[in-house]
Structure formats: structure tokens, C-alpha cells
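Per-chain numbering from 1; labels A, B and C assigned in written order.
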Amino acid sequence: MLQVRNVTKRFGGLQALTQVSFDLAEGQILGLIGPNGAGKTTLFNVVNGVYAPDEGQVIFRGQDITGWSPHRVAQGGLARTHQVVRPLNELTVRDNVMVGACFGRESHSLASAGRVADEVLGRVGMAERANQITSSLNVAQKKRLELARALAAHPYVVLLDEVLAGLNPTEIGVMVETVQRIRDDGVTIMMIEHVMQALMRVSDRVLVLDYGLLIAEGSPQDVANDPKVIEAYLGDPGLARRLVAEEAG
Amino acid sequence: MTAWRRPGFWLTWPVVLLGGLAVVLRRDNTLRELGFTLLMFAALASSLNIMMGYTGYVNFGHIVFFGLGGYTGFYFISQRDWPLYPALLAGGLASALVAWALGSAILRLRGAYFALATIGINEAARAFVNNFGPFGGPTGMSVNFAAYTRYGGAAQALWLTYVLLLLVAVLALIVSAMVKHSRFGLGLMGIREDEDAALVMGVNAPRFKTMAYVLSALFPGMVATLFFFKNGNVEPGDAFRLHMSIEMLVMVMLGGQGTVLGPVLGAITYERLRGFLLTSPIFKDLHLAFAGLFLLLIVLFVPTGVVGWLRARFPRVRGLLT
Amino acid sequence: MDQLTASLMDGLLLGFVYGMAAMGLSLIWGVMRVINLCHGAMMTLGMFATYLLFTTLGANPYLALLVVAVLGLGFGFCVYGVAVHHVINAPHLSSLLATFSINMIIIGVGTAVFTTSPRNIDFPMGSVQMGPLTLQGTRLIAALVTGLVTAALYLFLYRTYPGKSIRAVANNRDSAELMGIPSARVLALSFGIGTMLATLAGGLIATFFPFTILSGDAYQPRSFVICVLGGLGDPLGALIGGLILGTMEGLIPAFMPVSWVPVVEFALFVLILLVRPRGLMGARS
């Protein structure tokens, strides 16, 4: 579905991504974790066309989309949500989602976009709020709206950037279920998350990024036990063991 | 298209059309002049609204489309002896072309930078026209009386011009309403709210912005051709009055940007107010200052304008006050 | 050739004053991300204030400048409080329109009070011979004043507490507030200083050119071009940008009629914004 090869991105003197490569198979949920500043959102931005990589390629469904502008990528069937939500504030919830439907892969007319919007809003549980002005929503609702907008385009792949951030445990549970249902509907997902339990539970595979380098890749369990990953988060690989030993002792 | 199924669609342009036709029936010259001014500003404000209200790009140089389009249209009438109708279209097309050319350069600028660039355009356009030989340089061009005989004499020509302006204005309103309730309009409003987010959702922002810019330029060009034809002459100072750009901005904001009704309401209100100020001995010289004060009060306290305020206050009429 | 050199020198000296005007604009932009569209009007007020002090009180225009500076500072505070403060956190359009409306009000009232007839400050300062060139005394003094003001500004920004607060707020307003810096007052001060620089520049220009109520509006686009040249938010960049533009304006008349200048300036403005938005100096935009 998605192949990223040797992607490198620099911002002035800062090396944000270095030779990052991975594959995303159809129907998978791929988790992306890493300490703050590791380059996770930058990687999403490269895949989705907001930045062009300095080196490397992004291949989506067999087509080289490296350097495509974001709207072309979206029209190709790759959607994304943002870490800090970006709602279209003065429009209604329904209009927001309709934008996704109209300009995404399926290029709906206004009428059919309306129908798609209603259906998608129902799926994420926002149907009652369809005619509310977006600026009046709270964070959790805006996150669900952002997700609905991405889904309205019926994309092949959706990139979720910290879709659980700022949610309380109940809301997290609901969102995780929604994500799983999306995958069951046939959408391939890649998600950045800091809420570890949720991510580990739901992902089929996990990638770990640190300082722009891919330092680990594998099943959730493998990654959780990988000393390099523990070092990246805690700084000292021995610390985890000592802490656990102290607690036991 | 869902535009004409909305009740609001049938509010604005039919009222304007009927009002305009009433003037024709009355055959009153003074009323016609008033009507001409009102219709002109309603059309100009509505066209500005497409770029400013729907797309969110503030254009301080909208008058440039008025000036350049009008100059072109008038050129064909006075120097090439064209009849009014094709000259009208030529004027509109000229503005559209200018918009397309300018847009390719400045639409890449965002927000405040775009606004700044449009401020500079006005000066540049005036300087250009001042130096451009075929357009008569600093003295401009004029039309001799004989040109009006084609239309049955000056009086008839004036009425004809009025009717044409009425049609152009009504067309501008219809187009504005249709854009607002179309897929194109939805994309524009997405751009207005958050251009980057809209891009990520698949809106082809560069192309849509250009289309909006070109569309917004079409009507001023046509309106200007009619205006100069009616006046019988044109010179650089007339065509590029910065004041008019400002006043159009005030009209759009006063009435309510982003709505169809707003610019018309704003145009009519502002014009009446201006007329009052200009004829009153105390305020005569201060009408620009008053426009400024008005604008400031609107920006500070009622940024969504009259229509916006009404819509927020009375949600039930939202469908009507579109 | 001599003609060209004379024109160039003249433009260079003029560039100092342009630079000072642009500095005010640049400071306001750098500190609060507001594009001050009443900048030109402020310059005009500086011109008229200096003129009035000269004609009604018979004051030396250069001394009058001190008064004008203080008035400019105070006026800047007022404008900030009335128009800008309320919309400082609103979308850019609001602050653009707010400052634009102040511009309209000032010009509107000014036209009613002063009419559009040109005024002139007749205070010749002789001239200095430098080889084949004759340099106007007024221009030299203007350049000197600009230099002094720039130095003072830098001392202020880097050596005094209010100045450092301004730089802190320019850098990161929220963090500055968290550290106890009263950002509203700092913003008002910055706006005041920016206005002061504009009025000073206006006053200086009045010493060598005749002016009308509409003159400031002619200098405003120039100030924007200079800011963009030098990088918005960088006062020194503005000064250098001013020198560049002044020199350019000295050169242009040799190649094309003066009336083309606005077209060239506009083209330059757009070009820089498209190609190097951070300005030639590479300052943060």
C-alpha cells in the first residue's frame, strides 16, 4: 500500500529525518512512536506532501508520489489528521466533513457529499451535532470531526497524528474502538501516538523513531522489550531493570 | 445545484431586479442616477466579496480591475468605435486576464502579505496607465457626442446603460449566490478557514484561488466600461481612485462579508450615508474620515457585519439571510 | 556621470531617512505581527507637527523634532489602545483593517483641517562640497539624526529593561508573560516607538521636500518594500534596506521616467516576497 524509501529531510541545520524506510501493508494498523521531537509528524508531512523530502521516495499504491502537493496526495486516496486539530471554524460540522468528501478521492458533488457526511458522522458518533458551528465544539469532538473529515474521502490510507491526545480514558476507549472499526471497514491506518497502552493494543506492527532515525520495528511486544527503545525514552537502558527490581524488592 | 432551492437565493437578486426595473418604469432621471450608483457599488461589493468573503483573501486593490477593465472597454468604444455590448464584454475579459496574470504572481502570498501586495498594485496600475500611450496617457480618452447617436441619442443611451448595469449587477448577485452554495464555494470557504487544512483534504487551493480572483475581476471590468461610457471620458485619476477600493471594503464588511445579501446591504447603506455626508455642510470634507471610523467600529465590534450579526442573533432566519 | 553620482549620493542620504521610517514599521511587525497601515499617516503627522512648530512658534525644526518624537510616542500609545489592542489576537485581517481605518480617519480629518495644499519648511542648512559633489546640508543632518536615533534604539533594545522586554515579547509573547512581563504595556510601548520613528522620519523629510496631507501615503509603500528587503522585524535590516532603496531611486531616473517608480517598487516587492520572504538580510519573517 505504502512504501517509504530512504526518506531524509533537513531543516537548515537540523536533520529531522535520516534514511527512514518502511512498508505499510494493506489492512494493517501501523503504530509510530518515539520521544518528542523524533520526527514523527515530519514523517507524516513528507508522506502526505506538505514537505518534499531532500532524499528518498514515497510510493503509494505503486505510484511515486514523492514531492506531490498535498491536495494531489489527498485526491489519490491518502488522508490524514493533525496533531493539533485544524477545524474549519466558521463552517458547520456537516460542511467540514463535506469538504473531505467533495475533494478527496471520490470527488463527490455537493448532494452526494452531504449523504456521505451524514453517514460518516453517524459512524464516529457526531450525527446530532451535524449543524453545529465547529468553533463551539470541545477538543474531543473536534478530534472526532477531524477523523470524520479524513474518512469522508473514503481513503485507502489514513494517517492519524495523536488522535488520542487530550482525551480522557473513556473517550480514549471510544476512539480506539472507532479506529478498529475503520480498519475493519478496509482502511489501512498508520498512527502516531503517545498513549502507549492504546497504541500497543491496537497496532499490528510498531515503528520507533528517535532523532529522525528508525531505531526499531516489529510487533508491539518486540518493540516494548527492545533495549534501544527503552534507552530512547528513558535515557538509560539499565534504569528500567533497576526500577522494576526495586519495586519487586 | 442546490443554490436555487434555498429560500435565501430568492431574496437578494429578485429584490434588486424589481427595484431596478421600478426606476425604469418611473422614467425619472434623478432616480436613475441614484440607481446607477447603488447598482454599481452593489455589483462591485459583491464581486469583492467573492475573493474577500468567501476565500478570505483581503484585496485592497479591487479598484484595479475596475480601472483596467473600464479603460480597455472604453478604449474599444472611443478609439475603435465598437458598439457597447462587445466593448462591455471586452472590459470584463480584460480585467479577468489581468487578474489571471496578477494572480499567478501574488496568489502565492498568504494572508497579510497578499493584502500588502494588493495595496501596491493600485499605485503600480495607475503609474502604468499614466505612461501607456494607447490609453491616452495622463489625459485619458474621451468619446464624442456622435457615439451616442448609435443608441438613439444621449438620453436613450443613458437609459440603455442603466438597464445594462442592472442586468450586470443582478448577474453578479446570482453568480455570488451560486458560488456560495456550490462545491467550488465550499472549497473556497475551506481555504478561507484554514488553507493548509483544505489542501490536505484535497482542495486544489492554487487553482481555486485563481478562479475566485478571476471571477471577482470580471464584474468590475464590465461595470467600469458602462460607467465611463456614461461619463463620456476617462482619465487615470478617475479610474484608480484608491478611495473606491477602501469604500468597497467598508461596504463588504459593513453588510457582512461571506454572505450574498451583505455586500448589497452594505453598498446601499454606505452610499446613502456617503450621500448624506457629502451634502451636509458640516461633514462634507469628513466623509473619508467617517468611512474610516465606520470601518474601525465594524472591525472592533461587529466584524461579521450587519447580516452576520442578524444571523447570529436570529438563527432561524439564517436560511433566508444567506 | 556627475549627474548620476550626485543623484546617487542624494538617494543614499535620503535612504537613511527612509530606513528610519521603515524601522518603525519593522519593529511593530516584529514585536506584534501587526502590519501597520497607518504608518504613512503617522509620517504625515510628523511632517505637519514639525511644520506647525516651525511656523507658529518659530522653532528650529531640528529642535522641534524632539517635541514631535514625544508627541509621536504618545499618539502611538493612543492608537494602540483604541484600535490595535482589541484585535491583537484576532486574524491578521482585523489588525490590517483596524490600522487602515485609523489611516483613513487621520487623512480624512487632516484633509478637512489642512486641505491638500502643499506646505514647505524653509530652513536651509547650506551645503557641503565633497569633491565634485555638492551635498545638501539638510540631507546630511537628516542622515546624522538617523544614525543617532538608530544607535539610541539599539542601546534601548539591548541595554535597558523595557527594551529587553520588548525583545522578549517579540521572541515569544506567551513565555514573556509567564515570566512576569506585562505584554500589553510592552506592545503599547513598541507601537509607540514605531510611531515615533515614523513621525521623526516625516519631520526630517519635511525639512527637504514640500509635502501635503497625502505625502505620507506615498512613503508607505516604500517603507513596506524596505521592510521586506531588509527582513521584517529587523531594524538594522530596515536601515540597510532603506539605503538600498534610496540608492535605487537615485539610479532609476537615469534610465526611465520617474513615474515608473511605483511599478518598479511593486515588482521588487512581490519578487522578494516570492523568492526570499525572509528578506535579503535573511532575518526571520
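In this text, contacts are C-beta pairs under 8 Å (C-beta built on N, C-alpha and C of every residue); 3 or more make two chains touch, one makes a residue touch a chain.
All values reported here derive from a predicted model rather than from experimental measurement.
**Student:** Moving step by step between touching chains, how few steps can get you from chain A to chain B?
**Tutor:** Minimal hop count between chain A and chain B: 1.
**Student:** What chain lies farthest away from chain B once each centre is taken as the mean of the Cα atoms?
**Tutor:** Centre of mass proxy via C-alpha means gives A as farthest from chain B.
**Student:** How big is the gap, in whole Å, between where the Cα atoms of chain A centre and where those of chain B centre?
**Tutor:** 44
**Student:** Averaging only over C-alpha atoms, locate the centres of chain A and chain C and give their separation in whole Å.
**Tutor:** Roughly 47 Å separates the two chain centres.
**Student:** Just curious, how far off is chain C from chain B if you go by their C-alpha centres, in Å?
**Tutor:** The separation of the two C-alpha centroids amounts to 33 Å.
**Student:** Please give the residue numbers of chain B that touch chain C in the complex, ascending.
**Tutor:** Residues in contact with chain C: 56, 58, 60, 105-106, 108-109, 111-113, 115-117, 119-121, 123-124, 126-128, 130-131, 246, 249, 253, 285-296, 299-300, 303.
**Student:** For chain A, which residues count as touching chain B in their complex?
**Tutor:** 48, 50, 69-71, 74-75, 79-80, 82, 86-91, 95, 98-100, 102-105, 109-111, 113, 149-150, 153
**Student:** Going by the contact rule at the top, pick out the chain B residues touching chain A in the complex.
**Tutor:** 1-2, 181-183, 186-187, 189-190, 192-194, 196-205, 258
**Student:** Any idea which chain C residues touch chain B in the complex?
**Tutor:** Listed in rising order, the residues are 35, 37, 83, 86-87, 90-94, 96-98, 100-109, 111-112, 221, 224-225, 257, 259-263, 265-267, 269-270, 273-274, 277.
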